[in-house]
Amino acid sequence: MLVNKKKMAALIDSNAEQGQVKGRSQWQDAMRRFKGNKASLISVFVLAAMTLFAFLGPLLSPWDHETIDWELIGNAAEMGAPQFANGHFFGTDDLGRDMYSRVLQGTQISLMVGFVGTLVAVTVGVLYGAIAGYFGGAVDNVMMRFVDILMSIPYMFILIILFVMFGRSVYILFIGLGLFSWMDMARIVRGQTLTLKHKEFIEAAVMAGVSDFKIIVRHIVPNLLGIVVVYMSLMIPSLILLESFISFLGLGIQEPLTSWGALISDGASTIQYGTLWQLAFPLGFFVTGLFCFFFIGDGLRDAFDPKDR
Amino acid sequence: MFSFIVRRIGSSIPTMLILILISFALMRLAPGSPFSSDRGLPPEVLANLELKYGLNLPWFEQLFVYLKGIIFDFDFGPSFKYTDKSVNDILAQGFPVTLTYGIWSFVAAVAVGLPLGIVAAVRHNTKLDYAAVGFSIGAQVLPNFVMAPILVIIFTLWLNWLPGGGWNGGQWQYVVMPILALSTSYMASIARITRSSMLEVLHANFIRTAKAKGVPMRNIILRHALKPALLPVISYLGPAFVYMITGSVIIDIYFSTGGMGQFFVDAALNRDYSLLMGVTIVFGVMTIVFNTLVDITYAWLDPKIRL
Amino acid sequence: MNKTSNMNISAFTLAMVTAGAVMSGATIAANHPVTGEKLASDQTFTYRLPDGIATLDPQLVATVEGSAIVRDLFEGLLNQDELGKIVPGVAQRFDFSEDKKTYTFHLRKSNWSNGDPVTAHDFVYAWQRAVDPATASPYVWYMEMMGIKNGKAILNEGMDPKELGVEAVDDYTFKVTLDAPIPYFPSMVTRATTFPTHRATVEKFGDEWTRPENIVSNGAFKLTDWTLKEKNVRERNTEYWNNRETILDKVTALVIDDENQALLRYKAGDLDKTEIPAGQYGSLKKSNPTEAYSFPRLCNYYYGFNLSDNGPEAFKDVRVRKALAYALDRNVIVKNVLKGGELPAYTFTPTATLGFKAPYIDYAKWPQKQRDAEAIKLLSEAGYSKSNPLKFEMLYNTSESHKKVATVISQMWKQKLGVQAVLVNQEWKTFLDSRTKQAFELTRGAFCGAYNEASAFLDLATSKANYNYGKWSNEEVDRLMEDAKTSADPNANYTRVETLMREEMPVIPVYFYAGTYMIQDSLKGWPTENIQQITYSRDFYKTAE
């Protein structure tokens, strides 16, 4: 993914140096540093507010995301502009559906795609990387060669074929996006695991006869959380962007559900017909959301990497 | 160096094979056939079509014949949808187009993004810096399918400076808007990465020493700071280029450039097996070549890395 | 880059200068020979093409856009005029036997673009080629429908294509023998599939014969540039027999995938003609009243029930089918969603079809309120209610306007009847696959008449039609359609079939398509009255502003 590799590398070094013993204080330090970063902190609040709004906001509107206002259908340009009188706070789309509810519904979906997709990617990436790193040797070699190969595949194309094949559903989106984004994570985690493996507490666990799987899940994975958190904050916005691209191609979410990408794509196509609110509101949410994610990502990265500044 | 390249070529062969296998399998598993239509075809006609395209053979034989054609005759077979053209024809038409605006977009992204990032880092926390950061995040999140129609409204409808689409053999008027639409967000990413890595380098001890010695700022940046600061940028360029090529679908759709991106989506939708495979293979090779180039550049800049 | 771009600039200016010189030279004597309108100096017609053309081989071409280009490049036995009536093409006249089973076409002396004469042998070759399974034409069904002697046997039983009932009596006399008299046969030879092809060229170049550097054609224009997904350019063919009446010098089709982008470029003056995106006709008609056109087309749009064994049990109840058909407010669809002059449909065959007389459809005359009340009643009789809602999937293929229509219909049913219609959209090929395998519940469908007769639509209702995806079958319909082929008054049968379809409601007719175009004021001669939209670029011309 589009993550700054050098920074990630620096972060990995620092994380490895600090290691297990200072684990708790590392988190505390990071949080302290993060709180000092104004832009990131504000972003957290904005994003939290947006998420809350996305789920609670629909309660404020008399309209839901799919019900057609038969008074307005087909008259978006003349009568569909945002107004409070008829309850369409963000105006309506061409079919007389309420943009306010649709934007909030799209926000839910897009945030979910970002989070769940990232969760899938991180789960696969962490387990894969941890297994490869922990077992080492031939297993590691084969597994990482496979990652190398996958990484030089223009996966967007495979993704398009997948969407064409399986039709559309939210689950395909989650899984499709997630499954094609775990490779970087796997690499980083493997590197980390290699260094962790020789720490005393792991060796002690091995001596005590704890099973390999347990060691990976109980002892190695928890120690990778710092990187994982940073990485997630960077991956979420990139998945949201990816989803918007897929939606533009008409391969995204199924109507009447919608997403930021689908709404923006629709809005952009009617840009010349005097219904700018159809583009402006979803684009506003989209841009604000992504700004927040970027700032939070930057903040977390800096917070976990004390060498910077 | 030489052995690195040889190794790279060696490892790219299994990569390509896996890529071909995956896309071949996915395509064949997809519901629908290249010959299906509203009315359907009589069985005799269908049988003839299958014979013509070799679809009557078992799948492994199809794959073998296909690979043999590519390796020995450099023949990607006939297109299923564009019956008057072969995949080689279509690639010969689309590849130069995509490559032309792809490379120019890439050059534009680097040529603007890099200086912007450096200036922002050097003038850290000034208005210039804020402007650069604002621009780069803004540009990064503005989808190019929003930007493309806006560009056409401004440059074609209002100003009447540029044609709203087409390629015309790559005349400059036709290439400007595709490059603008494609490069902006990468320009922004490059600026952001450059800025942050430059900032980091500028805080490093060796730079402080140089400053203390009274070396002029200009020299510090160009002679000492630039090279290490470029490393993360370089490693971003590989994926960036691949992303650009992927994003070319939108450019092709909006600006009717006749490039490869749209052929790919179109081939997937129409089950044009051979065209789809052809485009995938060309893009796969491009990805590998470009990643290799990036690695070589990286090694050249960073003496710690041995190829 | 600098060097090349400079060169391009100078080449560009040079081209401008020469073009200017030619223009000023040509403006002297440029008035339309008949109407006397002042003609534009640049006679180039530029229009939007939504997608790359798959093939320009007359026998293979299957799309509307591709056929229009083929009609520019080639000329068949007969043409259509601006009203859709048959006029001479390569054939100056034709006559038929008493039993209407033998048609004789008398060809004029005309040339291919390379100077070779166009003869009856070229037609024999082309027709045999179209039927030959080895050609594998996707339009072979059309040749089958023409009912030429031995056509079916060649296609299905491996008979030699040379046995087809066509014959070159001499170089300029072409004779066709039919299995049965088909009243609309002459109008069928205006279709590209029946156009002549130049045998030597086809045999020499194989699949590559249609490329600009290879192609030999006999139409008013010849192909000069064909870049897939970018453009297709045709220029005046001086060998065409009626070349002196052709006014346009050049026809350029620019491929523009996105219809909104195309409209922008039309507004910027890049295009002379483009399609109007769904829902925009009304406002464009207001802002550009002389440029926005809407006219009926020979196409229907419907939703079909899956009545096969795979279909849902609920749809086997005719009351459910009727309820859904009644509650669908077609006026909202055509007036508020599409807004392009489409007509609400209550029959499967478009009412504008030649000779077709629609039966009396009672519910078409009811006000929507009455239809809704009836629908609620029927549905509750069938056992569905708010507590036991009818639920099914509604399939459509990916497209902006299909999406809009489906969304609105599903909301109508939901709000009026409490029916839960779940939208499912699929890409075209997947969609076809689902329909062919009866893997759907309710599906969108649309059909354009390949010829102007009701059977072009109603054949779809027969149980043997392989594109009868819903698998509705009715013996009386089958018999009526079979009889219609030889009947003196087939239209009575068609009316009866429509009545049966109204009673059984195997499909819900939604609307009849309208063509909505933007055409610049300077472009004249567009046949807006031709319901099949059979156009010939040689009929167009551009006037000076």
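For reference, chains read A, B and C in written order, and residue numbers begin at 1 within each chain.
Assume a residue touches a chain if its C-beta (ideal position, glycine included) is under 8 Å from a C-beta of that chain, and two chains touch if they have at least 3 such contacts.
On a predicted model such as this, the values are computed, not experimentally measured, just so you know.
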item	value
Chain nearest the global centroid, as defined over all protein CA atoms shown	B
Top chain pair, ranked by how many C-beta pairs fall in contact	B-C
Between chain B and chain A, distance of the C-alpha-averaged centres to the nearest whole Å	23
Euclidean distance of C-alpha centroids - chain B vs chain C, Å	38
Intercentroid distance (Cα basis), chain C paired with chain A, Å	46
Set of chain A residues in contact with two or more other chains	164-165, 269, 271-272
Chain C residues counted as touching two or more neighbouring chains	258, 260, 264, 267, 427, 430
Two or more partner chains touched - positions in chain B	30-31, 149, 153, 269
Chain B to chain A touching residues, read off their complex	11-12, 14-15, 18-19, 22-23, 26-27, 29-31, 137-138, 140-143, 145-146, 149-150, 153, 189, 193, 196-197, 200, 203, 231-232, 235-236, 239-240, 242-243, 245-247, 249-250, 264-265, 268-269, 276, 279-280, 283-284, 287-288, 291
Chain C residues within the chain A interface of the complex	258, 260, 263-264, 267, 279-280, 283, 332, 335-337, 339, 398, 400, 403-404, 406-408, 410-411, 415, 423-427, 430
In the complex with chain B, residue positions of chain C that touch it	1, 5, 8-9, 12, 51-52, 54-57, 60, 62, 133-134, 136-138, 140-141, 144, 155-156, 158, 207-211, 227-231, 254-258, 260-261, 264-265, 267-268, 270, 427-434, 436, 447, 466-467
Touching residues (chain side chain A, partner chain B) in the complex	1-2, 4-7, 10, 148-149, 152-154, 156-158, 160-162, 164-165, 237, 241, 244-245, 248-249, 261, 264-265, 268-269, 271-272, 279, 283, 286-287, 290-291, 294, 298, 308-309
Chain A - residues contacting chain C, complex	66-68, 70, 73-75, 77, 94-96, 164-165, 167-168, 250, 254-256, 269-273
